[in-house]
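The structure appears right after this line, and notes come after that.
Naming follows writing order (A, B and C), and every chain is counted from residue 1.
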């Protein structure tokens, strides 16, 4: 039965269609995997009972010819999506006990398509982080380890739990959110495929908000095809989200033609700074070769404002977060620490409820918006953001997609980077620009570092053009031939 | 007419600016589909969006946009085809999101004007600085429990129009006139019901003083959330005098937010709002800019009713009414409609007189509005007709009016029933005159002896004799003849 | 841009997060470091640039005025740390 957890999502989908096994069998296998991988701490909440119930329903539906696109497929859900009746924590103490009386649009879409929730995956608190170390529920662990080194490594963040859960075969796929790289970066660290669609492609209704103009939901899977299948169900206009685009959802799976002849791929020189990790530089060169072999034309491009992307992000995101997190005040849900007065209650509750990184970002954001500083910081950052966006618009007049590394390093040991916030922020140097511009991006596991850890390559395309992204990603994946972890999580 | 405070050392004038929060008339709230009606059970009209739950997002209600534009047009103001929603960030228990979605540097409506009708007949133009849309907060209830405050979020998220005046007012009377006029315009437009006692219209008054003739503005204080026009006027007067007292005793006024206590007529500082707020406004990233075109504005303009100022002008020119009477009749649209029904094909001055001098007083006493008047416009008109064609006298008409109020019947029926038709025939009047003269020979002597003023007494007696029904003109004519020596 | 202790206390109050006295100075240092790193944005010439609003190619969605929500008091109060007879309860506020 354990072979069931070795299947990709599309293989499992096909297997269910052919009747090779039942949804109950499939789900039970993954529940078992979830249990045996508890040391990874990738799930905050497991819901095996509900999952089996849903699996039975799925088998029933299928036998009556009513199977949805994801009928009977067990998934992990980042604990940032509000799931009705299931504890939702955003990995924060301040949401203790919060059980939403509503379902996020994205997870409702998955449910409507027949998907099964196995549990809520671990993440950096309120999605703020690149290592999943700031979670109130403890760090999640990367199932990959360095050759000859027993230390647990970070899975990346903020969607570290989802990435690791997929890499360790505890679910067929998972969903995460990406604000500055929170899907792509952990995907790279865990050797899985992580995709951030165009801003506005997926609804944000019911997703615990971090930075409203940047947050986007996206799929995390072991293959590009799986990613396309999941995104097609997640995406779509939602009238309840004013930033959700009224755009038709293309057939993403059909975009996987395998043919990229004549496509132009850009290589931004700013993504190859001095001192770029040599494994990563070498992998990038290999990626270029694969694309050329497949008939694409590769050109050098420039995205001149790249280096300002991180500081821009670290004004915009904390500013928006400082307002989005003001609702966590102990009045209507979550943790409350009693106080002598209302203000005292607020101050004590929020001091106890938020972790250090969240507090840092709220304070930075509050400062950047405060009287006298709005123009110099927030307004300035939004203008630089426009320039970063313009860089991409200009580039895409000349190329169809852009190839870059996903991360500046492979996964590092838990605890190694936690002292210096800025060095943690630098993990997102290659992913943040695309977030600021609102364009889609995908990370594909392309190779291993010299110490045996996964490295990802990132592809970016212009807004609403996820199809080109999937097309090129499929070819790259084929060429790279990356094999993930086998059962048990050993590399 | 200027309002001045004579202090020990100076004569001071008051500078007043008013901020009115008017609840938009709509079925649902500004950014959620929860209902807006008044008086429901606590937290029963709350969407998860209004409760600021995690992951919730705002979606704008099209009617609220329309109502704001309509109001802007009614205030002769500039309509901004592009405006932006901003977050106003602060913490309070009735503000679930920890910020209010409002508008900051790009409001939906810009500069406009309101014309005040002052009692001395003078018109004053008061500038409107802007109007913007924003969310209302919930309600904090402090007096249901000794150590707890209870929060009801029913009102959280209801659409408000914040209307900010220029600091152009110079007296409590002008402030009162401004509020009455604004309320009148809002009710005409149907964009807000103006019910201050229900809280659908609230006023913050900004008050400062300065020596008469001084240019520039001194420090002002804000008196928040006053819920009646009378209290606003009282609060302003109290606050102005307080400022004068402070200045004249050598002190300084510090910028404060204050509350008016209607029990003792004083304002006091609000402790919780003492620290200057840093609202950290920034454009709300959950919403896109609010954009519409000139056609949209024009389509709303086409639906505007005739507004109070225009109607008043028309009543003066078309009906020949005095400015005062016209002003009174147009305050409420329903009243102006009633009046015009009565005045149709009749003497408008008589119509105005009956409505203002008789009907208003009666309705006020009964505590009802003109829409609930037991006397319809049609029937009041008929009553006037009965006087005009001499069927009844003016005196009798007043009695009929009272009966109409009580019974809600038409005047013809009442006159029939009670036999109140005027007596115009010579015979019965002469008989009555004869009777009175016979009963009072002494008075007849006196009159014929030169006491002309006794004619009034005789008129009264003959009227009584005829049960009040004698036609006064006829009575006078015959009486003069008969009494003549 | 360096933040001094007084500024940190002020921001912490604006954000309603209580910070122990002993933590103020280290926090000031940390936040100053981050703000110094962000200072490089001032190098960029943005004189001819409009600020970006997310979703630039979309139009604001206008909803019809209809009651489609509310009427679920129990759900609204379900997660409340303290509620009484339909109200949320908080420490008494004196105005």
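Here is the rule we go by: a contact is a pair of C-beta atoms (placed from the backbone, for glycine too) under 8 Å apart; a residue touches a chain by one contact, two chains touch by 3 or more.
Computed from a predicted structure; not experimentally measured.
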Checklist entry - Counting only C-beta pairs in contact, which pair of chains has the most of them? => result A-C
Checklist outcome for this item: Of all chains shown, smallest offset between own Cα centre and global Cα centre goes to C
Checklist entry - Just how far, in Å, is the C-alpha centre of subunit C from the one of subunit A? => result 24
Checklist entry - Measuring from the mean C-alpha position of subunit A to the mean C-alpha position of subunit B, what distance in angstrom results? => result 58
Item to check | Euclidean distance of C-alpha centroids - subunit B vs subunit C, Å | outcome: 41
Next on the checklist: By the touch rule stated above, which residues of subunit B touch at least two different other chains?
Outcome noted: 48, 51, 59-60, 91, 93, 149, 151, 278, 280, 285, 287-288
Checklist outcome for this item: Where subunit C touches two or more other chains simultaneously, the residues are 14, 16, 53-55, 58, 60-61, 63, 75-76, 82, 88, 90-91, 93
Checklist outcome for this item: Among all residues of subunit A, those touching at least two other chains are 98, 101, 212-213, 239, 242-243, 322, 326, 329, 331-333, 342-343, 346, 366, 370
Next on the checklist: Which stretch or stretches of subunit B touch subunit A in the complex?
Outcome noted: 48, 51-60, 87, 89, 91-93, 96-99, 149, 151, 278, 280-282, 285-288
Item to check | Residue ranges of subunit B touching subunit C (in the complex, touch as defined) | outcome: 26-28, 32-35, 41-49, 51, 59-65, 91, 93, 140-142, 144-153, 259, 270-273, 278, 280, 283, 285, 287-291
Checklist outcome for this item: Contacts from subunit A onto subunit B in the complex sit at residues 81-82, 88, 90, 95, 98, 100-102, 104, 204-209, 211-213, 239-243, 319-320, 322-323, 325-327, 329, 331-333, 342-343, 346, 366, 369-371, 374, 378
Checklist entry - In their shared complex, at which residues does subunit C touch subunit A? => result 3, 7-8, 11-19, 27, 30-31, 33-35, 37-38, 40-44, 46, 49-58, 60-61, 63, 72, 75-76, 78-82, 88, 90-91, 93
Checklist entry - Along subunit C, where are the residues that touch subunit B in the complex? => result 14, 16, 53-55, 58-71, 73, 75-77, 82, 84-95
